[in-house]
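As written, the chains take the letters A, B, C, D, E and F, and residue 1 is the first residue of each chain.
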Amino acid sequence: MDKQFDPDDVRFFSGRSNPQLAEDIARTLNVPLSSTHFSRFSNDNLFVQLGDSVRGRKVYIVQSLTPPVSDHLLELLMMLDIAKSAAAREVHAIIPYFSYARSDKKDAPRISITARLVADLLQTAGATHVMTMTLHSPQVHGFFGVPTDPLTARMEFEAYLKAKGLDAKRDLVVAPDMGQAKSAVRFARSLGLSIASADKERVSDTEVRIGGMIGRQIRGFAHAIVYDDEIATAGSVTELSEVLVENGIQRITMVCTHGLFLGPAIERLKAIPQITEIITTNTVALPPEKVLPTMTILPVGHLFADAIRLNYLRRSIGELFTFAEE
Amino acid sequence: MDKQFDPDDVRFFSGRSNPQLAEDIARTLNVPLSSTHFSRFSNDNLFVQLGDSVRGRKVYIVQSLTPPVSDHLLELLMMLDIAKSAAAREVHAIIPYFSYARSDKKDAPRISITARLVADLLQTAGATHVMTMTLHSPQVHGFFGVPTDPLTARMEFEAYLKAKGLDAKRDLVVAPDMGQAKSAVRFARSLGLSIASADKERVSDTEVRIGGMIGRQIRGFAHAIVYDDEIATAGSVTELSEVLVENGIQRITMVCTHGLFLGPAIERLKAIPQITEIITTNTVALPPEKVLPTMTILPVGHLFADAIRLNYLRRSIGELFTFAEE
Amino acid sequence: MDKQFDPDDVRFFSGRSNPQLAEDIARTLNVPLSSTHFSRFSNDNLFVQLGDSVRGRKVYIVQSLTPPVSDHLLELLMMLDIAKSAAAREVHAIIPYFSYARSDKKDAPRISITARLVADLLQTAGATHVMTMTLHSPQVHGFFGVPTDPLTARMEFEAYLKAKGLDAKRDLVVAPDMGQAKSAVRFARSLGLSIASADKERVSDTEVRIGGMIGRQIRGFAHAIVYDDEIATAGSVTELSEVLVENGIQRITMVCTHGLFLGPAIERLKAIPQITEIITTNTVALPPEKVLPTMTILPVGHLFADAIRLNYLRRSIGELFTFAEE
Amino acid sequence: MDKQFDPDDVRFFSGRSNPQLAEDIARTLNVPLSSTHFSRFSNDNLFVQLGDSVRGRKVYIVQSLTPPVSDHLLELLMMLDIAKSAAAREVHAIIPYFSYARSDKKDAPRISITARLVADLLQTAGATHVMTMTLHSPQVHGFFGVPTDPLTARMEFEAYLKAKGLDAKRDLVVAPDMGQAKSAVRFARSLGLSIASADKERVSDTEVRIGGMIGRQIRGFAHAIVYDDEIATAGSVTELSEVLVENGIQRITMVCTHGLFLGPAIERLKAIPQITEIITTNTVALPPEKVLPTMTILPVGHLFADAIRLNYLRRSIGELFTFAEE
Amino acid sequence: MDKQFDPDDVRFFSGRSNPQLAEDIARTLNVPLSSTHFSRFSNDNLFVQLGDSVRGRKVYIVQSLTPPVSDHLLELLMMLDIAKSAAAREVHAIIPYFSYARSDKKDAPRISITARLVADLLQTAGATHVMTMTLHSPQVHGFFGVPTDPLTARMEFEAYLKAKGLDAKRDLVVAPDMGQAKSAVRFARSLGLSIASADKERVSDTEVRIGGMIGRQIRGFAHAIVYDDEIATAGSVTELSEVLVENGIQRITMVCTHGLFLGPAIERLKAIPQITEIITTNTVALPPEKVLPTMTILPVGHLFADAIRLNYLRRSIGELFTFAEE
Amino acid sequence: MDKQFDPDDVRFFSGRSNPQLAEDIARTLNVPLSSTHFSRFSNDNLFVQLGDSVRGRKVYIVQSLTPPVSDHLLELLMMLDIAKSAAAREVHAIIPYFSYARSDKKDAPRISITARLVADLLQTAGATHVMTMTLHSPQVHGFFGVPTDPLTARMEFEAYLKAKGLDAKRDLVVAPDMGQAKSAVRFARSLGLSIASADKERVSDTEVRIGGMIGRQIRGFAHAIVYDDEIATAGSVTELSEVLVENGIQRITMVCTHGLFLGPAIERLKAIPQITEIITTNTVALPPEKVLPTMTILPVGHLFADAIRLNYLRRSIGELFTFAEE
């Protein structure tokens, strides 16, 4: 009954942060990825030119907020502005990794809830709809004034782990921080596993201390599945891993949606032999030299493609949606 | 050096939800609480008339979103609109209990993140600044497009509990739900106590199931301080209390900022003899018949008064502020 | 030439104020009325969940602002917000009875022109188009920042009365108040009758005094057709009826679009035997016990259905429109 | 206790429609009226330059929307824009005669509620507050999104008429149209007189037909005080006057706030000898040749000056305010 | 693949400034030009009624801002407002001559950048897209908050001149002012001619002085093609022409997009026999008595029609677009 | 008469682009420059914390958009957002060098008028007033929706050059591009010198070709003062210099407001011995190794300080203002 997905009705563009994922999405949808010209003026101003007419079209712009974050954000804002000013009918910002979701509250005086600021900037620049994946906290959804769909990779992780075989006596899910405990609970529940949550105290942006009753909770388990939304320098998860090992855990599986692996991350992860597997997705483009043998990168381009198609065909995308459960 | 607080420069009004708290705030600031006329038209429309000129003044309107929530919210919106239309210079919405903060995420399809909606409605109606206390999650702060100060009663609770004497071997803090674990951690830390967090599974709005490793965590402790943001029908905290008692806890102290105690709450709390004290505040006006002998109601009017005075005098109110720690 | 009305392109929902009228509209249009789940959280917050996907659809939400007005208004705002946030293409607020139209001017200091406030709130919540019926004054139309169609039931009243037979020597139209005189004039003119207008002085919200030259104007007529926009507690129309009877009127027909009949209304109307017929519509859902034998309730669902279909098919709805004449 | 009116804190400017009234206002307030340079570019574009710095000041711009209305409106919009862009602290539009208030409803399809449009344009251009006098209907107040004070000249008319002596047996107030009946009722009531209202049928913009029961109502009275908001070409009031005279009225006093007296107005009024007095105000600047011997022009500059001063001093201006009663 | 241009999907209306051009556009597109009723109320308020339903349609309103500019601008704003309020799907303002583009900077204190103000007013009134031609400076494009397409007539001028034959030794392009030099350079380049630019000093709005090195630059050339965006009273171009003749130029061709020819323009141009041709377009409707024998009026209706069709069919209109080169 | 500049009423902060200039401004005004903490999160997100309370204060944030432009822009947006959210009374963005002013028009299809985008982003983030210096074109002023003051360094250049002695027979001003000719004319006029303008054809962002009649215009002059708004890689000015030298110019003085001197700029300038002096300002912070012996850096901190003080004291800042003449 629904009209079909019409490739002529849409235009896909990619910023410079993750062109491979943009390609995956376009290929899955069987639409071309239009070219975009990027350069810098001699005064360091960015220059962007979309390579295809967007007039009256539904425009999709794919950009992850990976480093250099400021450049990638500005690039995205300019691309949205071009689409809006060139009379696009709809302007969809597809932001697989929305880095500023971490700045979601005022935990010190005179700082910025930058996630809200960026949501407002995206709307000012012209976004009429946002798609993203696994926001740091589910409340960030409410920062957006335009319809927003936060997708989830949880089902991918679950399917992958279940296929490997799970044992509720041996395996348990560990939340590295109370702030992520709620979503770890849901994850554990759907795997049929128990959940323990560490009490991480942040000493600085890169240093943390793990305390609390984590020892009591994990006693008797052999395999910990550490579940987090993102890993940047891997400081807190490796700190946690050491505590887990001290308390009897023999094997650790890391699961995170956004695998940035910046700075000392790779070295830190390699230094703990009990970390036998690291499962992440391709929301962040990883250079080959960072892909460890222990890494499994689950592709998520098809999830974005499905969501875009369902949205285009006006079908519910509930199953791909987070629903604040992650 | 700062100019003094000028009573003639401000106007205070109270909605009908908690006039006593509004009186406390005004009295502390040594300003009169202007009268307001409330009535209903014969077709059930609300009618509100402010009893004092607001032209060019800084106007403060105190209203808690207690039942009947819809009437109290509409009343507040109308009062804000009157102040704005009558050319007030600033319009401060003082909302000690912001009930809709609980609707802060989309945990099911096709529902409303009503906390964001209400934040937008307040701005449309004319609020130029919002003051509130202990939002359900710190991210709700980011839903507001106008400057917002979420105060906290945590220091009041800490001072009260410390004065009674604490023992880190005997007492521990319990978060009734992983979603509240983060703020319970901070609370526990400043009391020098350990923290355990239950894994509450919500079966329906009024029914919950407590599971997880709470048993392992509380073993050996005798006195649990259950720390939550609000208690409505007391379903989950009494459910939790039973689990605590089954696992060896001998005495329970309930701490919550917003004590609504609706429906079966009082009966449920009375039914568990181990709950020896319930500590709350007066953000919600409680009828005398609901005030149990075990209840301690800490007044917070002076906190709002301090914040209003500091804001008026352009001083930092950081110490009264939540900073996402609660 | 126009494309046909496509049931798959639209979604109809009803608030809790007048589900029967919503059913009528949907049935006339041959579209299903999607279900909606309503409940309250334990803290009295409303909870609403739309029962069908609205993504990319034209969404119609039917809600009359009948008592409890605040709950029904909040419910409507939440439903609009859900539709907007869930990426509906258009969001139509169908408000058969817009109670706050009566608060359309500042007739006392420091009150709210609540009709404008509510119009703004509806827009903030997401309404892109409003349909309503017989606003208290035609100027209220200008309060809305989105396209708005105020329909009229006047033609229904006219057809009904003409079918019963009219006599310009015997019958005249009476406006109960100078503020409604203008629309009563138009009504009288299209019936070919004379018009008299009373000079109502409002003593309080529920009490009025009728004065002026009404006596002179009605002399010689036997049957008065009192024409008003709404009847709530029926205070002013029964007061007027007594004056009419004192001045020689033998039979009174009441005509009003919005028949609320609240509080003492039914008793008051029954107490005046000369009121032999009360003609109203179903913009307000009336419980069976309030339906007097003298009442004729003209259905208006087909008018809303026609307007929705014409609007959908991009045809003029001029004939169903008020054009400030009522 | 209030700080005094500080002439250095304000800046007054006048458009070209009514500089004399602007002078009156400024002189009453003892502030200078800053000069403004007006000219046209060779392509007919308007050019306006304010003659005094407005940075950080409270700026008041006086402009009546008299013919040529479009030029005067554009001139006003440009002056507001200049003040806003030049960093004025407040921008007050003082519009003694707001001509477009007459376009306040949609009484035909596909027309503009221009009063709302102009209210929005004023806000876009930079007005933060509007003062005006006697809007065509009190609901127009609700069209403004910024605080608006519609003043009234009613008390001036009352004082003047009472000083001349009134007799409730001889004199009555006549509303020329049902749409103005409500405000005529209030006027009559405060004069202690009866009220009659004509039923004007508009044949075209300049031609009307008076019908209805006006004859019955005025029988026995000798002196009619016709009360209207504005007189433009005087078509309807002279038509009405003829009907009044035919029905026994011997003397007619015209009262109107906005006396435009355009086109054939003066001739029409002179042609009816029973019109012995025409009372109006100076919201519209009248050329000397239009000032008939029968005219009394009550100055209203002091009312605007009072309202501006009270507003500046943050006192209530309730007494000068219309309150929808006119 | 694109769907065809559907005449039933669009509605065309014309203001009163240039109905002939509107007719040209509609005829080229093979759509009817709907009628519009214009009149004035007796108080000089404008009254506009669109003659055809716009509900759900793409509406195009053609209006040049020619004298009387204020009336034509207000007329346009009202037409936009009608379309928006009557639920048009898109509202396109087609403004062939946007007079206020000349007020594009603040070259004196306390004046208005009226081009930005008017752009904002158009958006407030309801324009969702603007089409115009040859803005005074390309930056004015950035004043619009809605998608805007500034078309150009440059290719028409080029084709016409090339057809007449050009000689790079004899002919050169002259910019009458440094501010227009940039676009004259582009024009000269595409004609393969040299460029000279005068240094015009504006003494008053209608008087200018030409100085600088124009003499040096034009030495040796016989035929000057003076290229400007608009000619109003022709003061500066005739002043320039005299300087050109004094410096040896024997023949002058005037080229301007917007030929207003107001006031003394025609006499001035006739007074210089060396001006042998004046080439302009029909963005401004010229009365027959102003059409000199030396004038060539290139029609541009087909350019607007092409742009409208391409925009409707969602094709790029890049070739018709100015791209800041004019 | 004005109240004095109150250091306690204001707060000054600096971004990381030009702290020395911010220091100069603060020192001139005799106010402290509050500290600001800058860092990056491990995922490359920026983190900013203002070091002093801004509640109710007038806040000034100084940031030049120098490389890395994206980081400096984001930093500025976050600082504005912090000030707004922390209830500052006014938020002034002081942007000495607004790099994106160069992206002021659409000279190719599907690009962004980024200057307008950035102006909108600044407003969204919270700027209530903008101060800047020498925008690339005067029209960019109109891109800002908040009051904006573009200052000028022209008087500094004039005073400096006049002090060195000028000779109208020997010296002339040269505009490197027709787009800058207008402001060069004003500059030349106030120096009493002639003006020549080159016709620069941009081959790529870093490569240009100089053509046109520049040879004819400069013949006979010995000293060229090249006047431009900014020099980045110095490609076009060195290209121009070669043409000047080929045509007989013996000495070249470069004048530019914004001296970025990026990439090959220093080498290019050193390679042309005829460039004997380069005069610029400190809107851009220059590392010591880039300061050539031929450079004269005129400080402009006092100009910003004066403008801030005059604005604070509500005096006209006309003399410091550009007025589109530069």
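In this section, a residue touches a chain if its C-beta (ideal position, glycine included) is under 8 Å from a C-beta of that chain, and two chains touch if they have at least 3 such contacts.
For clarity, every value in this text was computed on a predicted model and none was experimentally measured.
By the document's definition of touch, common neighbours of chain C and chain D comprise B, E. Contact tally for C-E versus A-F: the pair with more C-beta pairs in contact is A-F.
When chain centres are defined as mean Cα coordinates, E lies farthest from chain B. Between the CA-based centres of chain B and chain F the separation comes to 50 Å, rounded to the whole angstrom.
Spacing of chain B relative to chain E, judged by their CA centroids, is 62 angstrom. Listed for chain B are residues 53, 85-86, 106, 108-109, 113, 316, 318, each touching two or more other chains. Shown are all chain pairs that touch, namely A-B, A-C, A-E, A-F, B-C, B-D, B-F, C-D, C-E, D-E, D-F, E-F.
Only residues 39-54, 66-71, 73-74, 77-78, 81-82, 85-86, 99-100, 102-103, 106, 108-114, 117, 120-121, 124-125, 205-206, 230, 232-233, 235, 260, 262-263 of chain F touch chain A when the two sit together in their complex. Here chain D touches chain C in the complex through residues 104-109, 113, 115-116, 137-143, 175, 177-179, 181-182, 184-185, 189, 194-197, 199, 201, 212-213, 216-217, 219, 316, 318, 321-325, going by the rule given at the top. Here chain A touches chain C in the complex through residues 1-2, 129, 147-148, 310-318, going by the rule given at the top.
Interface of chain D with chain F (complex): residues 8, 53, 55-57, 84-87.
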